[in-house]
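First chain written, first letter: the chains are A, B and C, and each begins at residue 1.
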Amino acid sequence: MAMITMEHVRKRFGENDVLKDISLAVDPGEVCCIIGPSGSGKSTVLRCINRLVAIDGGEVTVDGLRVSDPKVKDVDLRRRVGMVFQHFNLFPHMTALQNVTLAPRKVRGLGQKEADDLALRLLAKVGLAEKAQTYPAQLSGGQQQRVAIARALAMEPKVMLFDEATSALDPEITGEVLGVMRELAAERTTMIVVTHEMGFAREVGTHLIFMDGGVVVEEGEPRAIFERPQAERTKAFLSKVL
Amino acid sequence: MWGGFWTLEITLTGIVGVLIVGIVGAAMRTSKSALARVLATAFAEFFRNTPPLVWIYFFFFALLGIGIKLPAVVAGTLALVFYQGAIAIEILRAGIEAVAPGQVEAASALGLSPLQQFTSIVLPQAFRISLPALGNNLISLLKNTSLISAIGTIEITGIANDIIAIKLSSAELYLTLGAFYLICVFIMSSLIRYAERRLARYGS
Amino acid sequence: MNANYLAAIREVLVQGLPVTLEVSIAAILIAIGGGVVLGVLRTLHNRALDALIIAYVELLRGIPLLVLMFFVFFGLPQLGFHFAEVPSAIIALGLWGAANGAEIVRGAILSISAGQAQAGAALGLSWFQVMVTVILPQAVRRMIPPFMSLFVATVESSSLAALIGVKDIVEIVRLRVENDPALWIPLLLSILLIYFFINYPVSIASQKLEKRLA
């Protein structure tokens, strides 16, 4: 059974139909990479999954739960879905450790010690155990993003969403974040990754989706699409970025 | 100069009151409920645009007229809490709106409830952003305690006026009075600047 | 009671309101004029002058306006300076307003990027010319919203003049209720509304202007 499904999803902001007709399915363990030009609606797709944005039409299911079902609470969705943002969005008035323990304590109800242990494990996993007591302002962009990944993982979600996680980083630094993402993929974490990093999509992705103008133009196996794109728009986009 | 003690006590109580009014009011002002927003805005705009002195008269004399006799200290403190509180609502509202939306997104995505988002993420940052303006507001509170002398002679300005009525060395007395306030304001300003420096390490 | 109220409110509006406005407007004009002079002088970066101006500003913002007013009206006569009620109020409010004005002007000038002054200087303009033709025209727009807020504060602070006997709207209310205490609530509410109707439009206009200039 698919972990995430979207069927004919529509979303409009003001005059703009950002999502016109989106249908996709992500199976457990898949690394689904979404690529496409700016404004194609990629980030909005992610936000429809954890209800940061409410859809106007169509159906989204997460682990069997219908997102548009009012009986499904925000918190049910967000415990299953973790999100990493382009601009990190770490909480500046808390240390790295506190950033990671906040949600486990307040939403999952863990005790302080349990939460701290979990957080230290995750910070070690992303290579930042020694920075537990530092504040975001003292960390580099790559370090902040890795803390953000640890923070999302602390909720032990079933799916991790990455919204252009490396776009705001200097090119030399993207490597450290992509490295963490590769490890997660190797551990069979279900991931949906909106990205411009074609190398990552090609080598780590198991499922590629090309979006343009609010619709899915082409999807399939990454290497196949990169080498033999079928649709005109896909060819045009790839010729510009590769 | 034991009026000085009362001045400080009124100020300290006032600070607590102003912060409570400010936080609750700003929360209402930025809430999703249109009713809460309208109520908070009406309150803030009305109290902010009217003189604190008149409110002091109101809480003391007007309430007296309908049978509620408040001690001068209470009436004065209430009036100032509402007046400075209304200003604090505006200051905190601006601070809340200045917190980057990404913060709320991230907190939402982690599953925090709106209340948790407000108390753990938005309010602490809004506070830090508003600190200079809030600091000025609280210093105004300290200075406005002198208005309570209009209805009673408990705090320091009132007592000074009393003394002047008896003796005639008013120029000296006012200079001393001025010095008292200057020292208090200096101490408060220093505390606020210290707080600003301590919180600055968070960056934004 | 109704007849009393009407008579009182008439006196408030006809006699008190002009006084309130006169004091407030005179004071804000002094505040603007004084503020501009002091604010501009700060840009000279002359140590001694800066120290004097900073001392003045800190002094006037560190003491309650009421104490200043009392000092001018009750205290100065002992040093040989006698001012009547209304002039005392205007002087005190003006001095206080100018201190705030100086900070407003200084802030506005600082917010104009240094590059502007450098460009002017590079063209050969004197300090005075740069100030008048380049900096101030840009700074003036940014000063308007804060000065409008200062006007609101001045109107509110003018109520203190009642405590030294100036017959503004507050004082007239106080005099009238001495004869008829039942008038406290209606008259206080009435003047609260008067202040509100003067200040609220200015407040809102200031907020709107600020958004437009941002």
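Everything that follows uses one rule, which is that a residue touches a chain if its C-beta (ideal position, glycine included) is under 8 Å from a C-beta of that chain, and two chains touch if they have at least 3 such contacts.
The structure displayed is predicted, hence computed values, not measured ones.
> Which word fits the touch map of the chains here: line, ring, star, complete or other?
Chain contacts: open path, no cycle.
> So which chain ends up closest to the centre of the protein, judged by Cα positions averaged per chain?
Chain nearest the overall C-alpha centroid, as shown: B.
> Count the touching C-beta pairs: is B-C or A-B ahead?
When A-B is set beside B-C, the one with more contacts is B-C.
> How many angstrom lie between the CA centroids of chain A and chain C, rounded to a whole number?
That gives a centre separation of 55 Å.
> Indicate the whole-number Å distance between the mean C-alpha point of chain B and the mean C-alpha point of chain C.
21
> With chain centres taken as the means of their Cα atoms, state the distance from chain A to chain B in Å.
Centre-to-centre distance between chain A and chain B: 44 Å.
> Residue numbers of chain C touching chain B in their complex, please.
It is residues 59, 61-68, 70-71, 74-76, 78-79, 152, 155-160, 162-163, 170, 174, 177, 181-182, 184-185, 188-189, 191-192, 195-196, 199-200, 203 of chain C that touch chain B.
> What does chain B use to touch chain A in their complex?
Against chain A, chain B makes touches at 100, 102-103, 105-113, 116, 120-121, 124-125, 128, 199, 201-204.
> Where on chain B does chain C make contact in their complex?
Answer in residue numbers: 45-46, 48-55, 57-58, 61-62, 64-66, 143-147, 149-150, 157, 161, 164, 168-171, 173-175, 177-178, 181-182, 185-186.
> Within the complex, which stretch of chain A touches chain B?
It is residues 50, 52, 74-75, 78-79, 81-83, 85, 87, 89-93, 102-103, 106-107, 135-137, 148, 151-152, 155 of chain A that touch chain B.
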